[in-house]
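Here come two complexes built around chain A, the first alongside chain B, the second alongside chain C.
Take a look at the complex of A and B:
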């Protein structure tokens, strides 16, 4: 493995193109042999909600499942999910509802580089 | 010397604070990586000059240029790259800062 890239996503799936950018960078990084971790915080938890059905935009939920199958680790903040009425069991396949203390702290300590996508 | 890659997502018209490149970058090697509407920095003369004054190099995502109707070899400090090259840059620079 060439190194670990952590993408810290803070934008929602329908706010702008940041979640799509996350997927594109994750795909490129996986293709190049990097280890990829994604942590969603704040509005950045919404891309893991199962059942998204956008009519004119890429389905970021499905794309996240695809990159998880290629090896990406995808975790979002549980407190942020609960605040938005999203609970464990509602996440797309390949993603996990986790926490800042158990997951993000570990990801940060183990990452070679961190990219934050926020507005 | 520390190298810093400033990631810009917003268009020049949303006024990302480029002074932060000096405040946070100091004497480091500094480059900018432009995604999404930030690619307008590459095609707007005034904005490109302004950004060029703040960083040593600028990298622009080709897909984001094409999505907005631009196909150009910009030259100067600006270099057009793809997502794979962007990932390599992110991993090569010592740190990234998103403006």
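Take a look at the complex of A and C:
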């Protein structure tokens, strides 16, 4: 691997393109041989919710599963999920409900770059 | 492999959850033991989070003062950009443990951390 990119996503799945940009950046980095981790925090946890069905926009849930299959690691904050009524077992395939202390801290310690997408 | 992260706090308190989320992010890094230096720097409207007289009980929101104190308990460093604070509220008392710094010092602080994220 060339290095590790951590994408820190804090925007939700709809209303802006931050989650779509996250997928595109992750896909590009993976294609170039970089290791990619995505951590969703705050509203940034909503893109991993299973069952999304946008009629006119990209389905970011499906796209996250696709990039996970290509090697991206996708984790979101459990406290943020529970606060919004999303629980373990409701995440799209390839993503995980985790924590700041156990997952994000490890991602940060192993990252060469961190990229924050938020409003 | 990173051992230090700086959280740039740019949003005013209580209208958004950004500062609280950023302080919790910083705290989790230290609590995990994976990151040895996790620092918060308040800039722009984010400097208002340092004001000692804030009273979040009036709006039943989580206290940013407690979030800063929790960080201090784990030896997290918290700084406020003095010029930005003065431009907004003048020379007011700030929360114990928060250090006032100049832009020159802030630039050194940013350069001294391996990763930077913004809240």
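To be clear about the criterion, the second predicted complex is superposed on the first by the 119 of 119 C-alpha atoms of A that agree within 3 Å, B and C clash if a C-alpha of one lies under 4 Å from a C-alpha of the other, contacts with A are read in each partner's own complex, and residues count from 1 in each chain.
The definition used in the following text is that a residue touches a chain if its C-beta (ideal position, glycine included) is under 8 Å from a C-beta of that chain, and two chains touch if they have at least 3 such contacts.
Everything quoted here is computed from the prediction, not taken from an experiment.
**Student:** Putting chain B and chain C on the same copy of chain A, do they fit or clash?
**Tutor:** fit
**Student:** For A:5 in the superposed arrangement: first (chain B), second (chain C), both or neither?
**Tutor:** first
**Student:** Would you sort A:21 into first (chain B), second (chain C), both or neither based on which partner it touches?
**Tutor:** The first partner, chain B, only.
**Student:** Once the structures are superposed on A, label A:88 by its partner contacts, choosing first (chain B), second (chain C), both or neither.
**Tutor:** It touches nothing on chain B or chain C.
**Student:** In the overlaid three-chain picture, which partner chain does A:118 touch, first (chain B) or second (chain C), both, or neither?
**Tutor:** A:118 sits against chain B and chain C alike.
**Student:** Can A:34 be said to touch chain B (first), chain C (second), both, or neither?
**Tutor:** In the superposition, A:34 contacts chain B only.
**Student:** For the combined overlay, can you note the least CA distance between chain B and chain C, rounded to whole Å?
**Tutor:** 5
**Student:** Indicate the residue numbers of chain A shared between its chain B interface and its chain C interface, in ascending order.
**Tutor:** Residues 112-114, 116, 118, which sit in both footprints.
**Student:** Which bits of chain A are touching chain B when the two form their complex?
**Tutor:** 2-3, 5, 16-18, 21, 24-25, 27-29, 31-32, 34, 112-119
**Student:** Quick check on the complex: what are the chain A residues that touch chain C?
**Tutor:** Interface residues on chain A, with respect to chain C: 8, 10, 41-42, 99-102, 104-106, 108-114, 116, 118.
**Student:** Touching chain A in the complex: which residues of chain B?
**Tutor:** 7, 9-10, 35-36, 63, 82-84, 86-88, 90-91, 93, 95-96, 98
**Student:** If you look only at chain C, which of its residues touch chain A in the complex?
**Tutor:** Per the touch definition, chain C meets chain A at residues 1-3, 5, 17, 21, 24-25, 28-29, 31-35, 115-119.
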